[in-house]
Amino acid sequence: MLSVTKRSSWTDTLLSIFLFVLIIILYQYFAHQRHLLNPHDKLVPTFAQMLDAFTRSTFEPDRNGVYRLLDDTLASGQRVLISMVFVFGGVLMGAYMGLFPVMDKLFYKFFLFFDKIPALAILPILFIFFGLGEVSKVALIVIGVVPTIILDTYLRAKAFPQEQVIKAITMSASKSQIIFKIILPKIFPMALDSIRLNFKAIVLFLISGEALAATAGLGYRIFVVRRYMAMDIIISYVIWIGLLSYLIDAGICLWIKKQYRWYNK
Amino acid sequence: MTGKYILEVEGASQQYFDQSEKSFQVLNNINLQIREGEFVTIVGPTGCGKSTLLRMILGSERPSAGNVLMDQKPILKPDRNRGVVFQKYSLFDNLTVRQNVRIGLELENFSIFGNLLNTVFPGWKYEEYSTLVDEYLERVGLLQHGDKYPYQLSGGMRQRVAIAQAMIMKPKVLLMDEPFGALDAGTKDQMHAFMLEQWQQTGQTILFVTHDLEEAVYLGTRVIVLSQYYQGANGAKIVKDFNTPWPHPRDQSVKEEELFQDMIKTIRNQGLNSNYLLNQEEFDLSHADAIQLAS
Amino acid sequence: SSPSGQESNASSSTSGKSKKFKVAWSIYSGWQPWDYANQSKILEKWAKKYGIEIELIKMDYIPSVEAYVAGQVDACVMTNMEALDMPAASGVTSTALILGDYSNGNDALLTRDNLQVKDLVGKEVNLVELSVSHYILSRALEKNGLKESDVTIVNTSDSDIAPAFISNNSQKAVITWNPLIMEIKKQPDVKQVFASSSIPGEIMDLMIVKTNVLKDNPELGNALTGAWYEVMAIMKKEDKATEEALAIMAESAGCSLQEYKDQLKTTAMFYSPKSALNYTTSKAVIQSMDYVRKFCFSHGLLGENATSFDQIGIQYPNGEIQGDKNNIQLYFDSSFMEKAANAQL
Amino acid sequence: MLSVTKRSSWTDTLLSIFLFVLIIILYQYFAHQRHLLNPHDKLVPTFAQMLDAFTRSTFEPDRNGVYRLLDDTLASGQRVLISMVFVFGGVLMGAYMGLFPVMDKLFYKFFLFFDKIPALAILPILFIFFGLGEVSKVALIVIGVVPTIILDTYLRAKAFPQEQVIKAITMSASKSQIIFKIILPKIFPMALDSIRLNFKAIVLFLISGEALAATAGLGYRIFVVRRYMAMDIIISYVIWIGLLSYLIDAGICLWIKKQYRWYNK
Amino acid sequence: MTGKYILEVEGASQQYFDQSEKSFQVLNNINLQIREGEFVTIVGPTGCGKSTLLRMILGSERPSAGNVLMDQKPILKPDRNRGVVFQKYSLFDNLTVRQNVRIGLELENFSIFGNLLNTVFPGWKYEEYSTLVDEYLERVGLLQHGDKYPYQLSGGMRQRVAIAQAMIMKPKVLLMDEPFGALDAGTKDQMHAFMLEQWQQTGQTILFVTHDLEEAVYLGTRVIVLSQYYQGANGAKIVKDFNTPWPHPRDQSVKEEELFQDMIKTIRNQGLNSNYLLNQEEFDLSHADAIQLAS
């Protein structure tokens, strides 16, 4: 932030990867030590084992002839995609609540409370309403994340510069124009940012949902193979999830940077 | 002075709360009547409440006592009839200069169908406006900067965008809060010419807050001085209110006339001099529409 | 002979006067006595007698086994199936110290609409995949001439399987264990069509101790066995003390006394060390383990790249070895139960 | 936002509670219907049953003479309090990362990735490092929430007006003064806001951690009675958790409003 | 003109990138030498790069070519030697007016021990400063507003806080970017008197950007005109650079002298008139320190 010197990308890259490399080396050393003691150790697989597990689930069909990783990723991806529809609905809802006092009064306290309810603890109730199928998994994500998104957007809409709203009104903007032409275009990159930051919660609820009742999915696999301590598979799946999330995060960041150049200036 | 009253401020006061939740009065019983087509400039010491008065007329704030009327109807909210240029140029940061100037036209002529069409054929619908938008950009000297975002502009350039943005809508009443504070003398002169021209063409009513007394006397058909300093002060009052005698369009040379310089001196020495005011019991409200009240 | 030697002592400290051991347990009708032993200080008494300290830790079932494999605890309760596919398959050599009971109806297949096992073809079955429930399904289908691929298994978390099944009439079959079965059976339209009572003795509930810890510290085995059979004696008496003990067990399981008693009915407890000893040394155990290890192998539970169900060796009290003699990871040890039976503790 | 009329607190209150009342009525009706069909239904307890369960756990000592709700709340509260130390450490870390380019380079990417790892999926590994006691429960909360807090504070420190930092430097501020006297005082209410918004995640990880190995705690209790589908206890606990979270949220809000009057103006 | 050079700008240029990532030049080969104790005022059309030049001297931005030196040493970062008042008054919003003015003293005299003591006995350590702080608040006319937060102030009041905040630190070089843009004439005069007084007492060097030509000529011992309009323009250059003849302290009456008015006119008609400049090949850099270079 204070640096005025030109950045040298070489040392930058080195710094950026330093911790990753350190962790990998430490882990590998630790795993190696454990394997010296117990060659059958499954709890702390070496990187070779993880790579092997990853390759197996990616390139070799399993007992039932499916390519697991692909299958699981597609199943989970679909659930996330569907829940995105509701997430963006939440953005809209938040903007409306921020602008209209009646909606503010009606919904704000409610969502504030609702947001605090740990959804995972009342799953049985969700089952009653949403069944055991795909609906309940998407519902879990939605219930877990959408209130947060709504509240976040609401706060941003509330913090929207009054003067700009007033100016738009003096230029004959209707209320829905204020939402769609003034507020949303400006808070959209912020909303993307907050979706990005909440992606972790989305993954968390996805995994929890899949742990409850599923036949495929990244979370499903992690919980099933836990039954025989296949930490090699679990860790390789977890890294895969981390990597996908990271890429999605970076993708959204890049998109924001390219598409919304005025943002963060 | 002819024309009907377009704006009326009737005994308006405004109170705010300070940090210890105590109320203090900013404007004290302001009475003001403005006729259609007037160009009213408002000067006064910093913090006297000029912006507050403008906000009340705009409708974004309600007086704590009294009324503000436009065309005999109370002003409850901002609306299409009163345009505004804020002291802190508040542009839409997410729009380029061109889009910022165009947005008002888009908002006014909005149709869902047109918007859809426009999503499919970008720029299609907006073509119609482009001549007009470019003309305004030209007038404020920003034609080459049309595709920049506000963060890429200097303070003076932003302010000019805000002016074009408000002017292109040709509102019946235009409220301007120190719009030229950040402009150099040359650019200022250009903007003056531009504003006066449009004002005369459209017959708009303009309320214009400034600190530049020369500007106030040169632009205004009527000058109002607001001040919080007077005997037994409790919120600002109108302490001067008078017409300027030169017919518009005025030549730059009026600035060198003795009467012009005298007016500036009077404002400075009487209107803005707190020592002088603190000894005054009555104010020089020579304007025909000025409302005389015991202070 | 134990390769996991050093690491498993991680939790046993000698810093104080006496060695301290950690034992994990989880809620299940056959394991509640451990909590009673703890609460009634019986366990503490026996630990003192052998000059050690024992800390009993209550955990969720799978995490408790994970903690055991990770070396955080020295002993843990688990079924014979998990003992094989979790610690043994991970190279944590383990000994079954006490055979407390076997499931005699505690695991069951329940259906709606009067469906029989044969009718399940093409239907969804809710169960915890790769758990004992999965094994039960496999055995039930086998006995009815069906294959696993004839049904669709929906992996359903044990914590929510009961409400999930109850609240969704579209789900037709579920396999789970008690106390969940009891709850599900309260539904008017649900019937039990297969249970562990049809394959008695195949699912055994064990106290598993790290082999090398036990070898180095036989007093841990003595104390645990002694405490266990003192509690068993109280439970068998059927007097006021029994009622009190059962009430405490029920409380810590989170159910009513009556509910707990009902669960005990489908749990074949070995109340006397003698009966446990007899069963442990019988051929039945070897036969059961053979079913289980084949199931584990065919479902990849011995490791995805295991080549045979013989990969892991299991040694029985009579010295008989099942599987690889050079890779014995699970021992059934009857010597402590024998000491208890002979009142040598 | 657009309203300029004086607020009438009467209709406001009515609007605010409307949805709560509606939900309660709908639920009670639904529960009643189920109980007509099956008087022993445990899944959808009526409010009377929940109140009864709540009263029992609050005012009646159990067999061991402890008042359960109090006991559980204290145990959980302690865990949350301890984790708060790390959360505030995260705020500091974020501020440092935002100001110092070297720390930025070194940690940003790492935390970005680390933040994406679903901690719940690698619990066995956590056991190895943190054992089974209180440490692992706090660690789960910390691992789950602190990276988010760090990233959030980091972004805010990055967005801190350059001009103010420059101005402070011209007034001889050292780097640590910039952090402690300029940046932290200003972003502190924002950090409080983001802790407030992340409280939900804290509760989530708390409950999950307590479900694994504990002898008391709100999550522990929910997990224990879950097998018996004692939904009356579960729901009353969940509402209690929601209520506590809501009060904490409101408390922080009030604190911010009183203590940081300049914030959000 | 005596005194050593305190600031030197050697062939400094600055380039920015526009929205399509194309570079454009804002400042073109600026050469400037400023002696200790000078009061340099800088004027120029909006967007010509005055703020950019100030930022380069401040050290918050590096020139894309050339050097900026203070006391013969290159300026790499902002530091305690150069104070600043920004065009957009950037106060610390979380501090009251009084705390905003005091913060510099606190920062400079910081000790961990003192800070701790102060946490235990609030206000204890800061007592020392309070006389000085109050004196400065008095001078900028904000003594009664000491406990307000910036959001509760009008634009002009905020700017005055920023001025007191910078002045109380008495930096060797003070950089001011249109500090009085939002002030009314009366307040402006007070601020002028205040600034000039401190400047003479401390021997500070001041660089002062303004749009008000009267102010520029009245305050400055030297006036510099920057403009982007000239033949073959590619970034702004210094197009005028001259001394003002009146010794300080100056009386307000110099403003009425003919020479004074002439200077203003010359700046307006030559320095700020783009038509005039576009036909010029050489500039009137009459100042002794002005560096003559072929444009």
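The first chain written gets the first letter, and so on, giving A, B, C, D and E; residue counts start at 1 in each chain.
Basically, a residue touches a chain if its C-beta (ideal position, glycine included) is under 8 Å from a C-beta of that chain, and two chains touch if they have at least 3 such contacts.
Note that the coordinates shown come from a computational prediction; the quantities given were computed from them, not determined experimentally.
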Query = Suppose you hop from subunit B to any chain it touches, then on again the same way; how many hops at least until you reach subunit C?
reply = 2
Ask   = Once subunit B is fitted to subunit E on CA atoms, what angle does the rotation have, in steps of 5 degrees?
value = 180
Ask   = Looking at A-C and D-E, which pair shares more C-beta contacts?
value = A-C
Key: Remotest chain, subunit B as reference, centres from CA atoms   = C
Inquiry  = If you average the CA coordinates per chain, which chain's centre is most distant from that of subunit E?
reply    = C
Key: Whole-Å gap separating subunit D and subunit E, where each centre is the average of the chain's CA atoms   = 48
Note = Whole-angstrom distance, CA centroid of subunit C to CA centroid of subunit E, is 81
Request  = Take the average of all CA coordinates in subunit C, do the same for subunit D, and state the distance between these two points in whole angstrom.
outcome  = 37
Note = Multi-partner residues in subunit E (2 or more other chains touched) are 19, 60, 77, 88, 149
Note = subunit A touches at least 2 other chains through residues 2, 43, 124, 128, 162, 169, 226, 229, 261
Query = Which subunit C residues reach two or more other chains?
reply = 66, 69-70, 160, 163, 167
Query = What does subunit A use to touch subunit C in their complex?
reply = 34, 37-43, 53, 56, 63, 123-124, 127-128, 131-132, 211-215, 220, 223-224, 226-230, 233
Query = Where on subunit C does subunit D make contact in their complex?
reply = 22, 24, 27, 57-60, 63-64, 66-67, 69-73, 159-160, 162-163, 166-167, 179-180, 183, 186, 188, 247-248, 251, 254-255, 259
Message = Under the stated contact criterion, what part of subunit E meets subunit B in this complex?
response = 16, 18-20, 43-47, 51, 87-88, 96, 147-149, 152-157, 160, 178, 181-188, 211-213, 268, 272-274
Note = subunit D residues touching subunit E in their complex are 161-164, 166-174, 177, 181-182, 185-186, 260-263, 265
Inquiry  = Going by the contact rule set out above, which residues of subunit B touch subunit A in the complex?
reply    = 58, 60, 77-80, 82-84, 86, 88, 90, 92-95, 103-104, 106-108, 110, 149-151, 165-166, 169, 171
